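Right after this note come the structures.
There are two complexes below, and they share subunit A, which is joined by subunit B in the first and by subunit C in the second.
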Partner chain A sequence: MVWAGCALVLLIIPLAPTSGFALSLSSQMAIAAVFALSYNMLLGQTGLLSFGHAVFMGIGGFVAIHVLRSVNAGEWQLPLILLPLIGALGGACFGLVFGWFATRRSSTAFAMITLGFGELVYASAFIFVDLYGGEQGITADRTLAPKILGLEFASQLQVYYLIMSWAFIAAVLIFIIGRTPLGRVALATRDNAERVAFIGYNPNRVRFLMFVLSTFFAGMAGSLFAIDYEIVTYGSLGLSASAQVLMMAFIGGSSTFVGPIVGAILITGLQVLLGQYTDLWILYLGVLFAIVIRFAPDGLAGLIAKECASWRLNHIRGRSVLIGLRTIAAVIAAIGFVTLLELASRAKTASVGGAVLRVWGTHVDVMSPWPWLFAGICFLMGLISLRFVHLAAARRMSVADVNGEPK
Partner chain B sequence: MVRLLIEPVLNGIVYGLLLFMLSSGVTLIFSMMGVVNFAHASFYMLGAYFAYQISSAVGFWPALVLAPICAGILGAALERWGLRGVRQHGHVAEMLFTFSFVLIIQEAVQLIWGRVAVPYAIPEELSFSISAGVGINYPVYRLFMVGISVGMFAALLLLITKTRIGIIVQASLTHPEMVGFLGHNVPKVFTFVFGFGCGLAGLAGVIGGNMFSTDPGMAHALGAIAFVVVVVGGLGSLGGALIASLLIGLLQNVSISVDGSLADLFRLANIQVGTTGPIAELMHLSLNRVAPLLPYLLMVVILAVRPRGLLGRRI
Partner chain C sequence: MSVALRMSDVHKRFGRVQIIRGVSLDITQGERHAIIGPNGAGKSTLFNLISGRLAVSSGRIELADKNITGLSPFEIKRRGLSRSFQVTNIFPRLSVFENVRCSLQWSEGWRYSFWRLADAIPELRRKAELVIDEIGLTGRSSTPAGVLTYAEQRALEIGITIAGDTSVILLDEPMAGMSLVETQHALELIRRISSNRTLLMIEHDMNVVFDLADRISVLVYGKIIATGTPAEIRSNDRVREAYLGTKVADVASS
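Up next is the complex of A and B:
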């Protein structure tokens, strides 16, 4: 039922008023969601932390774009609709080779190996210029492919439907894989690999299979990227892309299925929308990431799931007041923090760009002390209120403990 | 031919020792706390930037002392208020936390000092060259770097083996719980070790930053190689890290100066290699072009042949 609802929502999006922008943003989010879901198959389901996952998306993208170039040149006949499968297979082949060595190690060593491997492929992108296109990347034309049902994919609307349908199929498949015995044993391997071995499954084989499946979907995300942008560059292979998908999966919530999707939507949204207003959005993202790891390691979706579970069981009034207060305090602190940083950033370039900063819809003069004072007070007050709410919550917990009440 | 190799070999040793300064910190922190500090190279970068700032104000020699201390204090603060709270969530969360600081420090550095390289220069007293025999002039600053690295290791060794805090640290490396039962403040020891490790990275930054460039990309450039060193040397082994750093330092510096390819090698044996096709392209790639890849290739080879690294314990 939930799936049908989602499908319906996805079908309706093109009818929204700011259609053009909504379509391209949704396509971007869908590609990021598939990538994040594939990453979570490693992180959340099998407990494998990888810092080089973007390599597989990039390889899928490069394979897809090279195939598309051959199709453009008339060497092969392949309708555009099937291109994502080719990219997926490309990613999976690479995953087969790499995964065979990498998945035999412990999670710490695995993380470093994927980091090194990601750097290896990134560095080789400059050496094998024919394959990776060097600085300019590789381009192709998605409209010059054999047409099926008269679809030419020149319009953003048709591309949107293509990307969304593949993204939907990928999500359904990943969900189903999570429900198979392989998916279940993978969860067990994440929790206690030694025990899994004693039950009779080979944890290395489980990890390897999940790795290959994950790279299959990463390759698919890469080819969807290639179709959407018609260009693939070495940037999609690098550490920053791997770091982004890691953040999407983690901030969204690696313990739930929808977590990565939520994270992908959130971070793509932040990137596109925040990126228009400020250059510091990466810093804010990093700070958000650190805060989520420290205080909410189950991610946003995990947090919501826990709250929903406790709502069903417990007394909700006290908790919701505290949650509300915490949110307000956090928002105030965040506003103060962001304002301070924006002021600092503008102050640095004041001699070149002028001393007026446009923030929160008003103009402030960076040279005068008032905005700084205001922002500083906001930040400090937010932090202090958070501390108070935290103490109040702790007191409430201990009172409930003493009285034997549900918390 | 040998003359042409002396300078790259010396450069390789200098670079290798710098890498060892970084990777020894990572290894120390890993051996003690089980967490890989991905932000280690970021502290290297911070050390260089702090040194730049301090040396612009009071000169290089105070910066040599103060900048690592600042980096160390920052590292200790990070551990005390950040990492300590994350430990309860497991190793993956700890690694991710240090990774988030890679991003934060990177962006903060760009915010404060800009995206362009800063002119952190070698001090005047050390910017001359001396004759290294065979008609080669070698910059004294590089020898100074070797001196500082070796001095640092000697001091580290003395600290760990001859002082009380060092003995507690050694014990905490293998039996942290027992040390806690004996009454020592183990979390404080962890904070100290983390801070000290970051301070070492900062020191590497102070001496490396003016030799190589001081720009926001320096953490990324050196960081990945430092992790390759740790994997190749074996996680948790200082000796392995030393051998691997020197090996990789030499590999990188010597290969950059070699302008030959496999095809040239074959030509020496009078075998002509064709010029068309992908295999031929590979054969004609000169070594200095593939130099950036070599450390990673070495890592792949070690992983295939000896997965625990050169001197690592079995994981």
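Up next is the complex of A and C:
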């Protein structure tokens, strides 16, 4: 039911009077979501922290783009809609080789191996220029491929449907894998790898299989990327891309299935939308990451799930008021914080004539002290009221405890 | 009677420290065998050697006449020996049902299968529910294992151990930290589950040991100083000496 609903939403999004921008943004989000879901097969489902997952998305992308070039040149015959499968197999082949020795270790050692491996592949991009295309990357033309049903993928709409179809299939498959005997025992391995060995499973084999499956879907995400942009560069292999998918999974919440999707949509949205207005978006992302890790370790999806659960189980009177107050205080603090940072960033470039901050059509002079004062007060007030609401809530809870009221 | 588990001259050294110093012991098919001994005698180490958690320094261990020395824990489990742990060792974030079902998967032949939904395998569900029923956690099936009470976690520990037909089970202090009532429940449980299996257990509660065991072995400083029926152990002078008139003597005189 839920799946059918999602499929319907994805189908009708383009019917809304949207621009090509919205279509390409949702395509990007879908690609990021597949990548984040594949990453979470390691992080959330198997308990493996990887710092090099972008390698497999990148490999999938390069395999896809090279195959597409051959198809362009008429060497091979392959309809575009099957290209993601090829890229996925490419990612999985690489995952097979790399996973074979990486998954003999877990926890910190595994994380360090993936970090080193990621850097290794990234560095090799400068050596094998033919493969990775150097600075320019590798380009291909998605419209020059054998056509099925007359689809030539020249329009963004057709590409949107291609990407969404594969993203949907990938999400369903990843969901299903999590519920198979292997997926279940992967969760057990995450919880307690030692005991897994005493119920008949080789924990390294479990990790290995999950690793290869996850690189399959990472490769698929990479080839969707290649189809969407028709270019793949070595940058997509790098550590920053690996770090970003880690943030998606964490911010969205790695302990739920939808968490990584939420994280992927949020971060891609931040990146694309905020990126149009400010250079500081990556800083905001970092702050958001830190806040989530500190205050909602189960991520946004985990937070929402928890709130819903406690809503149903133990209804505190005035709980919604409390949440409302918290949100208002947090928004005030955020406005102050963002304004301060933006002012600071403009002030830095003031000498080259960027001393004006545009906010909702009004122009703010960065050099005058008033906006700074306003932002500072905003930030402090927000923080103080957050603290105040927190203390009030704590007092209320303890009173409820003493009176023996249900929490 | 055939031998279910045989240890021949098993040694374990940690560096220069000898922990197990030549243990030879035959466990007969279907018997309930208890290992007792003072703290630090090497009882848990012996279990770790049998179950493959630690490698033996020398000696040989056979399960149903087949050599299992040097095999890894999962290979030994697949050959029909499973164990529980003294410190509760479960899957805390999985539900009771998931804990048991995961433990059944291998022996039910599902192994690393990722093409079939676990929920769509009725046989797995049925067997898991049987085990949960056996350990008395039916009402707690969907509770995360990490939030169970201590006694419930100990029961689940046994459930994980007996799930997946293994002919030999090793229980490492199943009653540790239990109240009197809980101990009685656990005793009944162990009696039930060991009725068609070979049981080897470590236990400090002498009432339990003398009540349950067909034979008892006394391990002192890495050596077995006596093996015999409860009556023989009670009257054994060396055992009395090793325990210096403590629990064994109390039980013996009662």
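Criterion: the second predicted complex is superposed on the first by the 401 of 407 C-alpha atoms of A that agree within 3 Å, B and C clash if a C-alpha of one lies under 4 Å from a C-alpha of the other, contacts with A are read in each partner's own complex, and residues count from 1 in each chain.
The working rule: a contact is a pair of C-beta atoms (placed from the backbone, for glycine too) under 8 Å apart; a residue touches a chain by one contact, two chains touch by 3 or more.
Being a predicted model, the structure only gives us computed values, none of them experimental.
Once the two complexes are overlaid on the shared chain, A:Leu213 sits against subunit C while remaining clear of subunit B.
Of the two partner chains placed around the shared chain by superposition, subunit B is the only one that A:Phe250 touches, whereas subunit C remains out of contact.
When both complexes are overlaid on chain A, the residue A:Leu182 reaches subunit C alone and has no touch with subunit B.
In the superposition on chain A, contact is made by A:Ser106 with subunit B only, not with subunit C. Of the two partner chains placed by the overlay, only subunit C lies in contact with A:Phe198; subunit B stays clear of it. Greater residue coverage of subunit A by touch, when subunit B is weighed against subunit C, goes to B. When the shared chain is aligned, subunit B comes close enough to touch A:Ala290, but subunit C does not. Looking at the complex, you find that subunit B touches subunit A at residues 30, 34, 36, 82, 85-86, 89, 91-93, 95-97, 99-104, 106-108, 111-112, 114, 220, 224, 227-228, 230-231, 235, 281, 285, 289-290, 292-293, 296-297, 299-300, 303-304, 307, 315. The residues of subunit A lying in touch with subunit C in their complex are 176-177, 179-185, 187-188, 190-192, 194-202, 205-206, 209, 213. Residues of subunit A that touch subunit B in their complex: 43, 47, 49, 51, 101-102, 104-109, 111-113, 115-117, 119-120, 123-124, 126-127, 130, 239, 243, 246, 250, 280, 282-283, 285-287, 289-290, 293-294, 297, 341, 344-345, 348. Subunit C contributes residues 51, 53, 72-74, 77-78, 82-83, 85, 89-94, 98-99, 101-103, 105-107, 110-119, 121, 124, 160, 163-164 to its touches with subunit A in the complex.
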